[in-house]
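These notes concern the structure reproduced below.
Residue numbering begins at 1 within each chain, and the chains themselves are lettered A, B, C and D in the order written.
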Amino acid sequence: MHRTGDLFGQYQTLEQQKDSATLGMWLFLVTEVLFFGGMFLTYTINRSTYPIAFAWGSNTLDITLGTVNTAVLILSSLTMAMAVWSAQTDKKRLVTGFLIATLILGCVFLGIKFVEYSQKYEHHLIPGHNFDLSYHTEGPEGAAKLQEAFRQDPGLTAHTQLYVSLYFAMTGLHALHMIVGAGLVFWLILQSMKGRFSRSYNTPVEIIGLYWHFVDIVWIFLYPLLYLIDRHLK
Amino acid sequence: MPRVHYLNATYGIRSWLLTTDHKRIALLYLAVVTFFFTLGGIFAAMIRIHLLTPEGALVSPETYNKLFTMHGVAMVFFFLIPSIPAILGNFLIPMMIGAKDVAFPKLNLMSWYIYVLGGCFVLYSFFTGGLDTGWTFYTPLSSIYSNSAVTPAVIGIFINGFSSILTGVNFVVTIHTMRAPGMTWFRLPLFVWSHYATSLIFILGTPVIAITLLLCGVERIFHFGFFNPAMGGDPILFQHLFWFYSHPAVYIMILPAMGVISEIIPTFARRPIFGYSFIAASSIGIAVIGFLVWAHHMFVTGQATYSALAFSFLSYLVAIPSAVKVFNWTATLYKGSISYDTPMLYALGFIGLFTIGGLTGLFLACLGLDIHIHDTYFVIAHFHYIMVGGAIMGYLGGLHFWWPKITGRLYPEFLARIAAIVLFLGFNLTFFPQFILGYLGMPRRYHNYPPEFQVLNVLSSAGASILAIGYLLPMIYFVWSMRYGQVAGPNPWPATGLEWRTASPPPTENFEHTPVVDWETYDFVNRPDLGLATKPAPHLAPSHEDD
Amino acid sequence: MSEHIVSPTVYVIIFAILIVMTATTAAVAFVDLGRFNIVVALVIATFKASLVVLFFMHARYIPGRTQLVIIAGVFWLAIMLSLTLVDYKTRRPESEPAPALSSMTTPAGYFAGS
Amino acid sequence: MQSQLPLYPEQASNFAASVDSLMYFMIAVCLFFAVGISIAVVYFFFKYRRRAPDEIGVPIHGNMRLEVTWIVLPLFFLLAMFGWGAVVFVNFRHMPPDALDIYVVGKQWMWKLQQPNGRREINELHIPVNRDIKLIMSSEDVIHDFFVPAFRVKMDVVPGHYNTMWFRATKTGRYHFFCSQYCGTNHAVMGGWVTVMEPDDYAAWLAGSSGTGDPVADGEKLFEQLACSTCHLPDGKGRGPSYNGIYGSKVRLADGTTATVDDAYIRESILQPNAKIVAGFQPVMPSFQGLVTEDQILSLTAYIRSLKDQPPPGKAEAKSAMGNR
């Protein structure tokens, strides 16, 4: 198909082209909802079966890092939205600036995630033979709590591993989406530096923005579901 | 034939492998889909030969298990699901709505590459250790106990899922935004409606199978315990996730075939389809209600009684839209002018076989009966009536119907009619005995069986050999006709759709000028361009009647 | 092209609400509300997600057709979760371990093999 | 046995008749629709055949009344099917109070069943006639399914879950049961027989064991019944060593030592299989302690002894290659 300026050959008008792209992205996001949905279902069933193990597992996570990461991601959504706004209002240099800010914030998120993952490794919280719950039981009080938990759920070790497996699967999949998103934003930055985006043509910024916000939304649910179970126990 | 068309507009292997033309992509799909069909067919033939004797005539138990698994995987994920949507849908939807191409042509090509990549992974699994989990991949057999090459297979199907998803997104957007002027929603051919419904299932269902098989693969690699009871996981959860997609997937396979039938019948009865809006709505109805019935595959897993009652009830509801279609097709024959061309033979065969397949589905949705016939040959017979008798009959009917449009040439009519009849007879001989076998209690996936089941198994295998001839014939004469077939002209039948208003084969951009639609679909009366009578034949309508 | 441009002020206000909500949900998690902890957490998360969808993703200003797509996605997710839970939550207590059987399958029992 | 080509299995339980009548009802309703549609299609097909090449049909677009009819009318039949099916199902899932509890464990690829008094069987189930039987089932590995066609009952046997089902056999006799959920390589041979006995016979059976008096024949039967034959294949390619020609010979063990296969070794291998593993095999055999009586061990030993003149696996191939077999 031939391309005339910004208009691809299969379309009649720019408006039709943008309409198609936006609708297409939203449909793709719906498939992503159900993609993550399968995991949320797995999570729901397991959490309702093993509430104690899930609370115990959740309390091994670092809530500070989790909360900071949530804020970082929300801020990156703001910069992304501002990048779209800059394109819509023809502020070409601002587009690049906001996109770079978004990319940096995305990388900060992934960096913090990496720190968390390596903590899990140091704390023997990787599912498998070396899995050890006793890390978070400082002092006799903690040991007593652990004993109580084992009394309520004799399979605590196995079931907490289920929680941690889910933690890795869900955050891992989310991180994978972040990496893809960062790649897309990087491509946008290159395009934007060529001055490609303007009031009349900003579809790529808009739809990659949609994707970025969606990944943010997934985290908005992952954060309370993974980090905030029965925090009062500690 | 036109001098320049999409087949000869450019030359060379690159012009095919890098094409963004939806028609060429459809042919790329045709090649790979045919390969998987042949592969699955060979597995099926070996299964039927093996089951000739009670103790198993051909292969070891391990090999037999691999054969039926690979038959299922090849046929379901790599033949039935992409066949009609990716070949006929890709080729026709843009032309039927008067567009130059789909909304995202590059994505369309990417879908094909994703499909091929997924196929490579699955072939790798087939030929390095095979796959013996059953196409349903039930855990913990698939995630822990199987020693076969499960991991590449689930990765392959996971990848292939994205091909379906992207095709679905492409179709929905295309149908929404790319319609030609005058092509209103209620002038859309029913083929487009059924593909719209199919695409909804692609979009809403396929991601769930992707994540499910991903979890299954992750469980195999990292020993996570989501579905492993030894670690507190639940194998039943896998079945919920699996069937949330795989039951609607049945409708992915049958809905497009229904769309094909809805095109063929009015064309060869030369009258408007009966109850257009009901057929269109029933497609959407099937897509939606089809998502609410999945746990009828799990009645005997120890599912709660209340839940079983709910799912059984909903399963009965989904029968209604399918029945509506069958009734309307039948009514379309009334006072038509019916020709006996090959596509029509396939369409009528479809009505018969799909009716049996659909009705036997009611037996399986029936809670009390399902206790007895679940996981027996009754199930095998039922879904082969839907998949082979329905989907493949529709696929072959559609391929014959649009072959002149795709290649510009006609297939040999006489041979094609013979093949259609051979297929119909061979099919019934193969699968009808399996209903009885199932009620007698022969469980599925058995590499040997008690001797009292032998007579019916031999009958079934005999039918399979006839069926094989029925499949080989079209493969041969289609290839033959590409070179030697009679030149078809733009509208050989003639049919009313927009795709018949351009040359055969069509130019790369489908139409010389963007068409403007000012006629109703399936209307033969106000279409002088078709070269037919403008009034119904006198023996059909002595006094003018119209409602 | 008639496209709605949301002003930066709106974006910043939404951002502020989101941050406050994040702090709130983290704080509430340390209070023992019994089974309502999860309810509160999910309500706040849903509220935050809605803000992102409606404003950052412009869902307020897009055609009804696209809004329907979003609703369909959420609806289908709800189908998947709810109908599966129907099965899990109505299972009868008799599917609890039967004592005689568990003694039969304990490791000390006779099938030490697997 | 019924005729050469039966259309339904024997009716041997309280559920059989009700499932069969439900089946007849369903067939009747479905035949009504299928035959109606077929007749209409075939009739129209010939009646409205095209007579002139340019002829067209009558433009009828639809009929609201017809549409409503064929939406509503089937709905009634569907509701009837649903209701009837639900009644049978609820009856099947509602456990009777005073049933005889039998514990069933599925395992790749055999069934272990335990009577209320503790007597255990493999791939055999003995039950009294006209008595409610409740099976309490679980699995040690993958999902299996306990299916008795003559009783029209089946239920998945799921690891981590305890599923129950019940039935009341109404006719004495021997009936096939199958594993109906695909469970791996030997899924198809994972079945056996339900023996329905008069209550007196059942009581007698529970009290003692029965044998023919010929230890070799008894042993051969046990060899099948206990599913030894699924692993100890004659060609030595199974999960356990072949018995052919093994009696009296010396075998190399996994720890490098050797052992003579005599009565004591066989007894030990049945009761503590993992004590001495033959080189080249994995310690996968379950213990049969408490599962076989001393008499049965003697019978099994006698059977293995009777195979000592059979060619052992490796040599058998060489011989058959020379045509001596």
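What we mean here is this: a contact is a pair of C-beta atoms (placed from the backbone, for glycine too) under 8 Å apart; a residue touches a chain by one contact, two chains touch by 3 or more.
Note that the coordinates shown come from a computational prediction; the quantities given were computed from them, not determined experimentally.
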Relative to chain A, the most remote chain by C-alpha centroid is chain D
Chain centre (avg CA) closest to assembly CA average -> B
Chain pair with more C-beta contacts, B-D versus A-B | B-D
Whole-Å distance, chain A centre to chain B centre, using C-alpha means?
-> 36
Length of the line joining the C-alpha centres of chain B and chain D, rounded to whole Å | 34
Would you kindly tell me how far, in whole Å, the mean C-alpha position of chain D lies from that of chain A?
-> 48
Rounded to the nearest Å, the gap between Cα centres of chain A and chain C is 14
Flagged in chain A as touching 2+ other chains are 19, 23, 27, 30, 34, 37-38, 41, 45
Shared-interface residues of chain D (touching two or more other chains) are 141, 161, 163
Multi-chain contact sites of chain B, meaning residues that touch two or more partners | 176, 204, 208, 233-234, 237, 240, 244, 302, 305
Which bits of chain C are touching chain A when the two form their complex?
-> 1, 3, 5-8, 11-12, 14-15, 18-19, 22-23, 25-26, 29-32, 37-38, 41-42, 44-45, 48-49, 52-53, 55-57, 62-63, 65-66, 69-70, 72-74, 76-77, 80-81, 84-85, 88
Within the complex, which stretch of chain A touches chain C?
-> 14-15, 18-19, 22-23, 26-27, 29-30, 33-34, 37-38, 40-41, 44-45, 48, 63, 67, 70-71, 74-75, 77-78, 80-82, 85, 88-89, 200, 209-210, 213-214, 216-217, 220-221, 223-225, 227-232
In the complex formed with chain B, which residues of chain A make contact?
-> 1, 9-12, 16, 19-20, 23-24, 27-28, 30-32, 34-39, 41-42, 45-46, 49-50, 53, 127-128, 155, 158-159, 161-162, 165-166, 168-169
Given the complex, residues on chain B that touch chain D span 61-62, 65, 132, 134, 136, 138, 140-141, 145-146, 229-230, 233-236, 269-272, 274-278, 299-302, 305, 308-309, 312-313, 316-317, 319-320, 323-324, 326-328, 330-331, 333-340, 348, 351-352, 355-356, 359-360, 362-363, 365-372, 374-376, 436, 439-441, 443-450, 452, 455-456, 523-525, 531-537, 539-541, 545-547
The answer for chain B against chain C in the complex is residues 176, 204, 208, 237, 240, 244, 291-292, 294-295, 298, 302-307, 310-311
